[in-house]
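Just passing along the structure, written as structure tokens.
Chain nomenclature is as follows: A, B, C and D, assigned in order of appearance, with residue numbering initiated at 1 for each chain independently.
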Amino acid sequence: MQAPQSKEEKQLDAGLEGLITKVHDLKNQIAAFINKLETEYETLNWPSMLDNFALMSGQLNSLKQLLRGDKMPALRNFVLFPVLLSQDPDPHLEKLTEGRVVSCNHDLVPDYLRTKPEPEVEEKINLIANKAANVNIETATKQLNSLNKITSNLLDIINSSKDEWENDAGQKGSQPQTSQQQDTTNLVAAVTKGLRLRRPDPSMQQMQAGPIHSMQQVQNPRPGMGKMPSAIKTNIKSGSAHPYQRP
Amino acid sequence: MGVTCVYSYPVPDGKSGQAVVEILQRQIELLGALRSGHFCVDCDTFQSILQTSINVQPKTVYILHNSEQPASCFAITDTSLCLTADTLFDGLMHQLKNYYQQRKNAKMEAKGQRYELGDFILKVGSASLAGSFKGIIVEVEYCPCMVAVDCWGLMKELLQSVVGSVADQPPPILKNRQDELYSPSITVSQYLDIFNNFRKLSATNQIGR
Amino acid sequence: MEGAGTSYSNAFRFVAPLQEHLLQGSILDAHCEVLLHRLRGLCDNADTTPETFSDYEAVYQLKNNLATPASQYILLRVRQALDHPEAPHHIRYLGQAEVGDKSRHTLVRACFDVACSSNVRDFLNELGFKLDHEYVARGYFFHKGRMKVMVSKIYRMQQPGKTDQNTLEPITQSHMVELSVVAPMGQDSIGEEMKNFAEQLKPLVVLEKFDHKRLP
Amino acid sequence: METESKLKSTLDQIEHINQAIRHTQRLRTHVCQIFRDIGDGLGEAAKSEEEQQAQERQKVLLGSLRSSLETVGHDIGELDKVGQTLVPVSPSANCDHVSLDPILDRTPLYSQVNTSYKRTNKMHEFASLAANILSQNALKRSPHQHPAGGKRVKRHMNTASMVPQAVVDQLVATLDRQHQDMRITVSRPLGSCAVMQMVLGRVLKAQVVLRGLVIEWVKVKGINEEFSTENGKVDIWSKSRYEVFQKISDHAAAAMLHYYAPFMPDIGIRSFTLWLQGYSNLFSAPCHKCGKYLQNAMPPTWRDLRNRDPYHDGCRQ
């Protein structure tokens, strides 16, 4: 059945092949995206959505380029027409369309091989096109101007509040400090090493001997404790037998 | 957690400790007491390795546990000051290992049968020093009463039906603190007193030999 | 000898060693109110008024004449709640705080907390401990999960052993802020949790791992 | 055919009975509600409030009381209506259906009837005995069970249980002062009823629930036990963990009945307190009869009602 191909036919075949692979890619992309939407809708975030859209639009673009390319014969000049319509299921077709189209019948063909929009849609498009054509240029420019004005106003408001906000944040930074490093150091030193909590003052120590009497009693039988070599120098002058001397 | 008396019961010559314990147990069961598990009191000795001067005695701390208060730990100094703490205190003693060290082969234990009789808890067991038998311990606790001087008559009556004349007087530790509100630390102090007596006894025995 | 006759209470005695993970900071008294508000919002007990505490802590020291410098003395902290006289006293042992490397977000130190009877101070004296210093800490206490936040004012006691308000003297014009978790050894993931929490208190308070070796 | 119609009428009957039960239940809940409202009364809070507010509260309370009384009246009417449709069931009526049971052999009917008959007989016997004994002991503490009593008596009965709180407080304060070794405090966890906490030396704690000046409930526990639940509420039900105090609780309940004096209510409390104070030597006094401390591992738990002499439970006359 296969007659020797003309150059044009070869070109058509090659073009169609490229087209099919591109469309296939696009289809896979869309399928993956739908799958993502259905399964990961809870964790999906906006940036990754945008990524998906960008991918798809890229593929659409390359498809368009292919159609416009030099190698592509003018597809417009070719006619496809159904030779045989049948109600019987066609397994080959079913496999080809991944189960979407079971048979090439009268119901489907008009939709699939359509080259023009449906009449109602066409009507609507015409209606809108007419409306656009009928708009007065003056009113159009007026509306355009007012829109521009509103937009720029909005932009101003947003910018000014943004400035304010940033200023606020800046001011927070310059606010009086809520904590002091020196205090932290002092507190930590006091709590962990008892710095500035010990009583080096001998007059204080004299008072101390009273209330905690038991300690003195405990210590008296062991006079050796007071004579330990001094590690931290304190200004104690009142004698080495004192109970609170820091060795 | 009531008034408790702890006695060491003498082992007569020619009888084994185990036999005497069994006699006491039978005696208690005859009173109608019911077995309710076992008891254990143990005592570790820690000694200071701090030599501040040569003529100072090293200090001693005893760490005791009583199965009647399983989540507590008792630390008693050689001046018989008793600190009650939770069982993490053992870990704290470990932190002090550069200052206080556990004396080897000095662990004393009292283990035996626990009985319940009405509001009384009776315990009979044997005391051991580093695993070797040292004597017999009898403990009687009267749970509802918190003041020793109040219930001594009552305790004595029960005690004498078990151990006879051994319980003519309250234990020395309890005698000094009869009027206080009773606390488990007094029980533990009594145990320590008995343990120390056993220790002294075995020490003199060894010297005697 | 151990093991041959161990009692059943032994099972309770040897628990896994605990470690305290710690971040420290301070806040000036004037801004303390703001911090308390923020903590109330962040922490678990948000619906109730923050829990206050007033603790007296005495630090006892035991010296050693061993040659090794690492073990020259040991400190034990005895804490008692002034506002709850019936509560048990606490002995606390804190190990040397380790700063660790960059990957660790908090200070880590060994920590032993033991509840005990009220004669603990006499007991420590008997053992040869000497009172090293004492102070009163008053403030607020928050918790979030197992994290504990303490905002407290540290007072010097002008007269030894006396904790009346009029004999106390604050040592700085700041409140101390501590974020801590006591956890068994090896749970390093807690550091991340603490860092995230500390992050939420910035810039009001900067909680950091404060190197204790840097202290004078 | 006949059995069928019989069955139908029986089913009807059952339906009626069910309805009647439902009405009775509803009636009961509503009556309960009324009692609860009355029981709550104005509560303690009313005291501290302003006069006007108190009046308002009273008004609200009376309003709700009236409406619930109306519902109760309505319920009674309904119940009456259903009651009229009920036909008395002859006790043997159900026996007819026994023949309908196809597996007669497996129904242990006879033995069941036999045991229940025996039970009923026994119960009857016990009940008559109990009634006999109770009629000999005049322990009636509720004012409504005095059909023979005159008007005067009734008023007195009422005053014993309806005493202003201040009087109770004052009495307790005097008791507290009179007994050196006893610490008595009063709390009112549920409105007007007072709960006395007594701590006797270092021996025991007792909790006494008062209705006015009438002792309603007594529990005794050890000195180291608590009368409050973990969340700080007063707990009047739990018993002591020690056998001694469980026994004394029983004795105290008996003593409270013994000392009950409807005409001079405060005497009842005073003498009960004095009697309870006799337990200060619970652990230290031997039995008056046998001279021993212990009997069945218990100290003398009974104190004579006249002279407070200690006796063992088994040594009482």
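We take it that a residue touches a chain if its C-beta (ideal position, glycine included) is under 8 Å from a C-beta of that chain, and two chains touch if they have at least 3 such contacts.
Quick caveat, the model's predicted, so the values are computed rather than measured.
The chain with its Cα centre farthest from the Cα centre of chain B is A. Central chain by Cα centroid: C, whose mean Cα position is closest to the mean of all protein Cα atoms.
Distance from the chain C centre to the chain D centre is 53 Å, each centre being the mean of its Cα atoms.
Separating the centre of chain A from that of chain C, both taken as means of CA atoms, is a distance of 42 Å. Each chain gets a centre from the mean of its Cα atoms; for chain A and chain B, those two points are 71 Å apart. Separation between the centroids of chain B and chain C, computed from CA atoms only, is 36 Å. Multi-chain contact residues, meaning those touching two or more other chains, occur in chain A at positions 225, 228.
Listed for chain C are residues 122, 126, 128, each touching two or more other chains.
Within chain D, no positions touching two or more other chains are listed.
Contact residues on chain D toward chain B in their complex (touch as defined above): 202-203, 222-224, 242-245, 281-284, 286, 292-294, 296-299.
Partner chain D is touched in their complex by these residues of chain B: 1, 31-32, 117-120, 142-147, 149-151, 153-154, 156-158, 181. Taken in their complex, chain C has these residues touching chain A: 24-28, 31, 34-35, 59, 63, 94, 97, 122, 125-126, 128, 130-135, 137, 154, 156, 159-162, 171-174, 176, 203-206, 210, 212, 215-216. Looking at the complex, you find that chain B touches chain C at residues 40-42, 48, 50-52, 59, 61, 65-67, 70-71, 73, 75, 77, 79, 81-92, 95-96, 98-100, 104-105, 107, 109, 111, 128, 130-131, 185.
Of all residues in chain A, only 172-173, 177-180, 183-199, 204, 207-208, 211-212, 214-215, 218, 225, 228, 244, 246-247 touch chain C in the complex they form.
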